[in-house]
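The first chain written gets the first letter, and so on, giving A, B, C and D; residue counts start at 1 in each chain.
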């Protein structure tokens, strides 16, 4: 039988001794000062066993990982209508490119690139009574943890510097693929990205996606086919233009965030989260990618 | 000798009897209701003779034609430094495409596409004490007409619907090629585009570009080499992706606006303005293009 | 327990009664006349049980499905060096677009788009003594069937009309990412695409990819990690710009061909092949996609 | 009155003392060995006066300059039908990019980029009885010089290395915008580019474009409107993505070639040719550009 705790410890040791820990993203000023020596890893199996090593209880900014959560909420609200406004194909391009949006008449390639996530944010702003509060409530519920909150300083920092997101939102608006005011959608979006969680929390949050749509509290949030859809999208689109690399090296559906977090899962088996703030050239956590690759190699647990 | 008045009258007659008068632009609501049966044409020679036919004394929104004026003002303020922030090459693309901007790191292809004009607007906001007032003063001075003014309703209409311009400005900002706040630059830009003039006024305004930089009041605004630069840019970039067609069909440096105006000039010879609100598929005044083609064909006056 | 035979029969019945059977590709003249009422489906489990319905023993042109086989052979010859000349990311574009190739300096996005497959073909031409004969021998061996052969008429038909492939090969050559003469590489490529197989044969051919690299004859052709790599690439890149859709609807690594074939597999479980010549708008077999979706839905066997 | 001979001599002196003479193109092996210290300049006025300095009687490969001549011949053969197969707009891109061709369904942006020139070559192959011989005859006639010939070694050198041209031709063929076999069109094209002339000859060759379509032998080759069209295209498209710069710096319709030649003209006034093999980063002759800029600055002769 696999000794998960020993495996996580080994990965943690490798990580803290790595000579190249990547580069902390500087474009969100509030995140630029995070110490890149932080490294946390946490695993939760479908039987409820948990394992952790390093800083797995230190909160970090989940950033783009939140796109999976907003997509899940949007699908629970309007179902397949989501796909009228956003496609499900890999973008084949860096995460911030607007070119395809112009060529494809304002239909983002998928909900995990920024423009696609803005459309999903717009759906939530339209369908939630108190968008920010209701979305937070949803995240707290699936995680079974009422302490999760937005980091307002990070949200403001992104608002003040997120010109590319303003550009994308306005471009969507010009194609009539944003129904609410740009400022309102971006305010929601910057907040969802500013959610703070620990590795432990994040593995709990994503549990419902490894559990056919049913969260820790045994509540059904999505249909099984919807969960399959989200997992497929994570696998093909979850890592910007490193999705193919991740699919091979790790072989799990997953999502990364510019805050250095990565969450990945094997359906009916486990959820695993890593956090290491230094990024590689493609914008994904450098040590997190290596850690997950080591994990699936050592445990031989992947979808392929 | 050429009978200019007869020629203009003939062109006017052809225009009012044209079966296809193009389509009035609808994306600026305030301009959508203009009657496309309006047609004005006005000529001013370098000797000071003037000729007109049709609605040449009815004011219209000059829109993108203003980009030439803001460029002239920016060059008078900071000279060749303008070219550090904007290139001088044809874009080979429709006027609103952001793709090239991303590929070329935030340096717009030329100052007559929207993104380039926004950079020029930023220069003016930085270097003019009261940008909107001072720019209006400049336009009034070169035209020798203190009645010229901004149409505030049009400026507001564009502000409320100009999402692509917001997208472009934010994209420029993300590349650090906009020094002032996006809102401030756009407020200036929407006002410059909302300048209203008659054909008569516009021929006077552009006189200095056919006169080596010296305006009607005999004041030198630009060096001869700067005027040559502006005229070259108008010829190669003045008509979106119909620049090559205009260069051939008309053979004059010129600039069109979505309000249906076109101004063109032959250095040391004349300035000519047409106004007809219906546009062709490329976004240029349909009858205006035909009128100028007829004019240069009948008078054999072009640069080629 | 699942009654696979009944499930395949049901899918076959649905297929032959489908009102819209797609459109047979016309750009390869030799394939244009195939009757689109053909429909075959064949399944082989890892325990060696086989099931079939419809025309599963009628040969068809495997076309792009062969790209997986040439990739496997190239990896067996030069290992990871393959990735110096071709990337592993989804293209996000239709299969024949050369634009990305120019932008990315002649490195194709992945080995399953045409330009990438041409680079792989070049590898084989360089490393096999008698490229066409040796590759055929490899395919016969992994399939344990010496009757498989190239359809020369189809190869010639493609040679005479494959101008886009000639364009791609020459573009690769201009970037020095083709070592052999263009004609030689294309001759090999047109032959590999012109391989003919039945559904029964194709499920046998792909067996080694569901069996950790070991073929039916118990010979090891690839390392387990190489098989994982190929399966990951099939999942993210196997269906042109419908890869995301297939990943969701079917949830299996797979590859389609313009001849109407699709092969898909669940590691350690089964290989399944469908053949239906009518294509959908994205160039994948219309009924084949629906059949595989039905299969994974009814059997609940997918990677997600 | 202007002393043209003194001006040319001054320009020649500046050129031979220039510290940076650019880089000789290496992609056509046969041209890579040309000494970049060569510099020739030659002027012919519409009154028949001629002036020269430096190596103006040494032959060089005219390369892309030939595209203007093939266009002229094609227009004389099929008139406006040319524009059904090629557009007249600036490309806004480097000369060898195939991307736009794909986006725009095989219609090249203009006849002076490679893909456009290939379409024109195809027109000539279709309409001339002995394409290469007849085109050479045409060039000899307009130049009134029977010594002009193709350099076969250069043509072969291009044939062996011109993979991007092969790519472009095949791409055009795939869009059915090439009627003759790829090899035949390219053979013609490589020959037209391999025409060799001296500056003296080239000024004579282009005389008819500064003379309303009538050549030195007083024969009418094109209608006045066709000449206007060609001159407009040279101005907007003659210098790859440096067309805007040339329009400003020089202010004349003109065309450059990778062999280091540039020819420019002022209608009804003069034709001027320079030759200096070292190129700048955009692929135009470095000293040739400077020489023409100096010429129009010192003589104040330009279209603006």
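The rule is simple: a contact is a pair of C-beta atoms (placed from the backbone, for glycine too) under 8 Å apart; a residue touches a chain by one contact, two chains touch by 3 or more.
Nothing here was measured: the structure is a model prediction, and the numbers come from that model.
Trainee: Please tell me whether A-B or B-D has the greater number of C-beta pairs in contact.
Mentor: B-D
Trainee: Compared with subunit A, which chain's mean CA position is the farthest off?
Mentor: The most distant chain relative to subunit A turns out to be D.
Trainee: On a C-alpha centroid basis, what's the spacing between subunit A and subunit D, in Å?
Mentor: 55
Trainee: Once you find the CA centre of subunit B and the CA centre of subunit D, what distance in Å lies between them?
Mentor: So the centroids are 32 Å from each other.
Trainee: Compute the distance, rounded to whole Å, between the mean C-alpha positions of subunit A and subunit B.
Mentor: So the centre of subunit A lies 47 Å away from the centre of subunit B.
Trainee: Show the residues in subunit A shared as contacts by 2 or more other chains, in ascending order.
Mentor: Where subunit A is concerned, no single residue meets two or more other chains.
Trainee: Pairwise, which chains touch?
Mentor: A-B, A-C, B-D, C-D
Trainee: Using the touch definition from the top, list the residues of subunit D that touch subunit C in their complex.
Mentor: 97-99, 102-103, 163-164, 166-171, 173-174, 182
Trainee: Show which residues of subunit C lie in contact with subunit A when the two form their complex.
Mentor: 87-93, 100, 109-110, 227-229, 231-233, 235-237, 241-245, 247-248, 251, 253, 267, 302-304
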